[in-house]
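Each chain gets a letter, A, B, C, D, E and F, in the order it is written, and its residues are counted from 1.
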């Protein structure tokens, strides 16, 4: 009888990082339900296949104890349409740097033109995650750096394997 | 039995603009309750006294039909402590320009250090409000410009009166 | 006997948007003549061929009644040299976001080194066009969103066709 | 019979710098006439009185040979109204840094709401003037630094005198 | 016989924060000597008198074990002249946010015009100090917040005393 | 017996510009030794092969008289590890625009996580180099513009040759 307020958290998650998990944890405090929506065909070719990205998210949610509170789905097309089909009232975005901010602004205004019932809600990651991104993590992994402080353990293992490194012992 | 999720929307509101009202309307969609928290003693001397700022907000909420859903309070001290005393889980901020963004970031990180249970939630005003602020409205009013498209009618009347102008007929 | 002051408005126009048309309308108020200069070989591979980009611009100018006042040309090489060959004194640029601003600044300083007689003139689009770009429009069209509010009707038709969508009826 | 296209260049000019003169020179290439409009009562208390600011501009225009092509006026109220009374079609602004850009954007959008016939036109100063401002020049002069490379000679003399320094010989 | 390379670290230090100390520690790794230069008469009226700012810095250097490696001085006039009188080759600046960056850029270019032998060197504070500033710390202290994680213990004590608060027990 | 303080200056140098040389000259004033570290396999495919990039740097150092003071090396993997293997205490970066700043910030924080003994040191190029980059130079050269004011003579020759232009006589 009370209206359920739910949110979507869209992205490529190529792969999921601790910064994404931090945002998810906050979103769970604010909404009755949160759905991670993985873009099946992002404009830039992803490193990991859709089922690998899905698996890494599921494992990570399980690892941090968010598995009962967060759904994971994949989608194609416009996120505003997909959010609508789920009955979500909010679209969650993490906000990090100034250039992020501008791109986010542009997307938010366009999304509002496309669906005025869906509110874009920006959350801020922990300061130690402010400058963390999937790209920089892949870049460090590619050069053999230790990326375990930045991603869930399953992601670290797959990234190292993908680049032919073994986890330091 | 269902947890009530409430938010605070702090500011100086010197005076409230249509941009603030737009953010408030969105916040009402997202939370079970929203409290506008007017800073009694902001670091910069306000143009309007605290009771005038309070009255203009109350009139405006009534004018746009948000009066039953939004509380108005004044506060001194740290907003994180005041929010805590109200049991709020979120602090609402409107986000407009890059320079806003940096200041907001700094405040959000500091507020999180002070109270980690309170999430800062950024909402984006309508594009026509993106570059609207209390300062620019006062500046236009001071020079006799027509500020009625930017503020509630009661605010327009008081601003014009304060600067010795009469509303164009 | 009066000096004619003319301007060039260079770009890829892949495709032209309502934001471009808005800038063009303003440029026509400021100069005796304006030439849209389409880059034949931009560094990023365009979606539309040069003759399609040319046709969409011509149709759009006709549609908004600017066809008698704006020339359309294509060019290769440095825009400063092409502008010089046309006798233009100004290079028109639309200015939207902070990241635009920086790139524009870099180009303006370089163009000035290359031809100090040509002034770069920045105009600002209407606020509802501030966050509009060819890229975001293509992205929305690709996912089947309605892009008719953002582009001339001929562009909307071609974009939908290119992505295999039909205009909603 | 040909329409005269004129522009205003508003500011506090407290005092005029070589950066302002550089912008003026460019504006003279683009328009049939340019009027420097000095704000009599800017929101921040100026260092120089209005007649001193006027005199320094007149001397500087004479010094650089722009005196026949540029008018100087003072104004109160909204610049858009004053520009209208002069029949100007453009409002000239110099653009230097990102923070400038945001403030300018906000002003441009507000000015357009107030008078849609007046176009804001941004010009870019020479790169060596990019980070020059009246404030930084006053700050250097206050501490006894040599400000002659940054301002017209009459301004340098008055600034040094105001701060009790004598020009190095 | 080996050239001593020394640096100055100028500022208002009103008061010194853990962010300043972090920058100082890094500067000590890079140079043979570092001198903290406190501006006696900054353009904005400081909260603490010059001797209090000096004392808080000295105590803090002692507390973190940098007292043997860092000099503290006060200065008036241009920092480039004072640095020259000390034989310094570098001017140290901490860099935090985009708005900082622009102001710093402007100062660095002006300082280079004034003294081309002095290099401005930017260092980045720890991520947890990225958004820390003397102003925000004073603001929190004024409202009775706990500022002990952000400043040396002597500074915390004086700030709390100045605002009439006692340290929580 | 005095500790040698050395720095690395990493990059793709595709190709080296006068802006890079300006930064190098400043770094030589600040450190006992500087090593240019060319990334063998940057994430974006470079225009020039690694041995050509190496040769252009060596020629340029010779041309400006820095050849005795600067080493040139190539590296793969993480720059923090390579810097460590050379015993460097600092990583030199040139800082130009706001978008640079953000990327640099992200890299600096990540590099600090990876190796806390290496300090990232930002230097600012001459104002005329502020908006100079390898990309913009290649872009101008590609369109037949004169790039000789922006790069060492050997680089200009190779760039023109690569794009099938001959140096103007």
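One rule holds in what follows: a contact is a pair of C-beta atoms (placed from the backbone, for glycine too) under 8 Å apart; a residue touches a chain by one contact, two chains touch by 3 or more.
Computed from a predicted structure; not experimentally measured.
Asks: If we look at chain B and chain C, which chains touch each of them?
Replies: Correct list: A, D.
Asks: Taking B-C as the reference interface, which entry in B-D, E-F or A-E shares over half of its contact pairs by residue number?
Replies: Most of the contact pairs in B-C are shared with A-E.
Asks: If you tally the C-beta contacts, which comes out ahead, A-E or C-D?
Replies: Contact tally favours C-D.
Asks: Between chain B and chain D, two copies of one chain sequence, what rotation angle (nearest 5 degrees) aligns their Cα atoms?
Replies: In short, 120 degrees.
Asks: If you take the mean of the Cα atoms for each chain, which one ends up farthest from chain E?
Replies: With centres defined by C-alpha atoms, farthest from chain E sits C.
Asks: If you average the Cα atoms of chain A and of chain C to get two centres, how far apart are those centres in Å?
Replies: For chain A versus chain C, the centre distance works out to 35 Å.
Asks: How many angstrom between the C-alpha centroids of chain B and chain A?
Replies: Going by mean C-alpha positions, chain A sits 30 Å from chain B.
Asks: Starting from the mean Cα coordinates of chain D and chain F, work out the distance between those two points in Å.
Replies: 39
Asks: Can you list the residues of chain E that touch 2 or more other chains?
Replies: Within chain E, residues 98-99, 102, 105, 109, 127, 130-131 contact more than one other chain.
Asks: Output every touching chain pair, sorted by label.
Replies: Every touching chain pair, ordered by label, is A-B, A-C, A-E, A-F, B-C, B-D, B-E, C-D, C-F, D-E, D-F, E-F.
Asks: Over in the complex, which chain C residues touch chain B? Could you list them?
Replies: Where chain C meets chain B, its residues are 98, 127-128, 130-131.
Asks: Report the residues of chain A in contact with chain C in the complex, numbered from low to high.
Replies: Chain A residues touching chain C: 43, 76-78, 80-81, 98-99, 102, 105-107, 109-110, 113-114.
Asks: Any idea which chain C residues touch chain D in the complex?
Replies: Spelled out, the residues of chain C in touch with chain D are 2, 5, 26, 29-30, 89-90, 95, 98, 101-102, 105, 108-109, 112, 119-124, 126-127.
Asks: Looking at the complex, which residues from chain C come into contact with chain A?
Replies: 97-99, 130-131, 133, 136, 139-140, 143-146, 149
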